[in-house]
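Below: a set of structures, written as structure tokens.
In what follows, chain A forms one complex with chain B and a second complex with chain C.
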Partner chain A sequence: MPKKVLVVDDDPDVRLINRTIIEENGYTALIAEDGEQGLQIIKKESPDLVLLDVLMPKQSGLRLYSQLKTNKSFQKIPVVILSGIAKRTFLRSQKALVEFGGNEVPEPEIYLEKPVESDELGKVLRDLLG
Partner chain B sequence: MEIKKLLFVTKFDELRFDALQSLLGLRNAALEHVVFLYVIERDKVAMRRGKGYGKMEELRLKEKANIRFIDWAENLFEQGMEVGGYIVVGGFVQHVVSSCEKEAADLIVIGPPRKGKIEQIYAGSDITEIVRRTQKPLLVYRNPSQKGEVPESPFSRPLLVMDWSPAGERAVAYLKGLNKIVEELNVIHVNDEKDLKGSTVTELQMLRKETRKKLDDICDSLVDAGVNAKPHVYIGDAVNEAEKATEECRATMIIVPTSGKSSWKERFIGSTAGTLAEKSAFPVLIIPDPS
Partner chain C sequence: MAVITISRQFGSGAEDLGKKLAKKLGYTFVDKAIVQMISKQANVSPNFVKLVESQGGSKLSKFISTLVSKSKVDSILSSERGYIDEEIYIDYLILIIAQIADEGNAIIMGRGSQYILKDHPDTFHILLINDFKNRVKYVMEMGKVSEKKATRVVMNEDKRRENLYGKLGKKDYNDASLYHLVLNLGRFSIDSALKQVLTMVNQ
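On to the complex of A and B.
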């Protein structure tokens, strides 16, 4: 049974490109348009990896990441951040969330800043999923 | 009534990040989530003879907007806020309404309207239409500073143009929820001069006394809720007097209730809320009728 990769991104073009890369590497792609939908799919499908954008409607990737990493059922799922938001900002924002009462979370497994070459993303998937 | 989520509708040139920053004082009154919306009007990317649909132009405009939103979002994320964004092509009002519904925003912020009078008569005002369809408070933002500096918080010293309608009551309830950020609130009621033709001096004095009594009661309830409120009675045209009062009280924003109904009469003559939103030099917060 192929491993499942969940793409959470509000940009339809990015979703399409990522789906193609995931399927070309022999995995199954699951798709969500925002953080809220992403969490629902994670609960239902338990993906093997999450490819997560940050700036999205309804719920940002920043909050979804915190939710995943502070929930025992999901915290082991590797998360690759794929975003236009800089890694430095992501890490500082996580600290700000802690200051406002959130829990500390580990750094994401891999942080990729858009745009990313398909070869690079494919390699990341293979390294993490085998 | 709390403002937890704000929908910030921008075209970038009329509503920039400094405007949003001036609203961040709302964090002390529960604001935790900002959603950006940029609507690319269809005619900018529409079909052209010999060229077809401007897909490349659409992608270029989207990316340009995305770059601005990323920059703004980084700033807000680092302050511990939740941020989201939409970049869409289509009708302005339609996308403001649908984004507001999807996000369940508590406040919509837009820039000054650009439609001319004739266009408004035939197509209606965007402001009136958004208020009517969302029933959400709408802030028409302007920077009253001529120097281009970052304005102070519009919510620090607002002026409420009170009528005795359900929308007016809603505005009072709204302001009570903002007691942590409102430093001084001036509450005015304008008695229309047209209704007072032929009145004797005694009748005018009686009217002032009655109006003042109602305003006192409202201000007392606001003071009890922790809002420093002061009553004022005006006579004249509601729009002109509201502008005058805003300057006299050195207010930072005008808050005006409205029935939120769009009628043909309103299109031709204009409601107080609509006219203030179109013409005022100050930010105008329109509070629609809850029903």
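On to the complex of A and C.
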């Protein structure tokens, strides 16, 4: 049974490219257009890895990441943040979210700033999933 | 690469100071542009964002029974393609203000930026206040409106601010300890206040 990788991104081009990279590496791609849809798929499909964008409609990646890392059922799922937002901005935003009542969460396993080369993403998938 | 956040009472004259400060320092002045940025990100109109900003309570539906007429809410919602509520608003607000701050050299007006950038390096937080009478006078002059209308506007804006901060879970926005500098623009001219701020930033 191939491992499942969930792509959560509002950009259709990014979704298509990532789906191709995931499938080329022998994994199954699951697709969500925003954080809300992403959470539903995580609950239903229990993916082995999540590729998560940050700025998305309906629910941001910032919020979804925090939800995943504070929920015992999901916190062990590795999350790779794949965003146009710089890592330091994301980390500061995480701290600010705590200021507004959010929970403290660990830093993401891997943070990739867009654009990402397909070889690099493929290597990350193989390193994390085997 | 400094960032200055300016929190203010409506009608205190803070916008004038913020713009002058931005010009003097060569910084970007960020005020209502944040609404545009959030609306673009959420795929909703700026009016929808303003509605979320201006109303208290925890759910959009609550708006309908409170301060805004149902027809106004319906007309805004029916033209939207995306969606935004208070939680989404806060996420975008945090991410957008953090991005602006990381780029540096910016004056950011209000919207909880003193909390969002609380520990951000090279950031100064300023609170500008003014007497109620002066604030009403300022609105009368700027908006060319009657004293009665200006009074109502100032009171409504105070309420909006209270709602917005309440929504962010913050009630202590007038607490001086949050800020590097608190200035009463009823006791300082804009130019004198400008000098005070520049001294702080350049020290």
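The rule is simple: the second predicted complex is superposed on the first by the 130 of 130 C-alpha atoms of A that agree within 3 Å, B and C clash if a C-alpha of one lies under 4 Å from a C-alpha of the other, contacts with A are read in each partner's own complex, and residues count from 1 in each chain.
Quick note on the criterion: contacts are C-beta pairs under 8 Å (C-beta built on N, C-alpha and C of every residue); 3 or more make two chains touch, one makes a residue touch a chain.
Source: prediction; values computed, not measured.
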| task | Look at A:Pro57 in the shared chain and tell me whether it touches chain B only, chain C only, both, or neither; answer first, second, both or neither. | result | both
| said: Just to be sure I read the superposition right, which of the two partners does A:Ile17 touch: chain B = first, chain C = second, or both, or neither? | reply: neither
| task | Figure out whether A:Ile77 sits in contact with chain B (first) or chain C (second), or with both, or with neither. | result | neither
| field | chain B versus chain C as contact partner of A:Leu112, first or second or both or neither | value | neither
| Touching partner for A:Leu128 - first (chain B), second (chain C), both, neither | neither
| Both chain B and chain C contact which residues of chain A? | 54-55, 57-60, 62-63, 85-86, 89, 92-93, 96-97, 99-100
| note | Per the touch rule, the chain B residues reaching chain A in their complex are 35, 66-67, 69-70, 73-74, 77-80, 82-86, 99, 102-103
| remark: chain A residues touching chain B in their complex are 10, 34, 54-60, 62-63, 84-86, 89-90, 92-93, 96-97, 99-100
| field | Sites on chain C touched by chain A in the complex | value | 41-43, 82-83, 87-88, 90-92, 94-95, 97-99, 101-102, 112, 115-120, 168-170
| message | So in the complex, the part of chain A that touches chain C is made up of which residues? | response | 54-55, 57-60, 62-63, 85-86, 88-89, 92-93, 95-97, 99-101
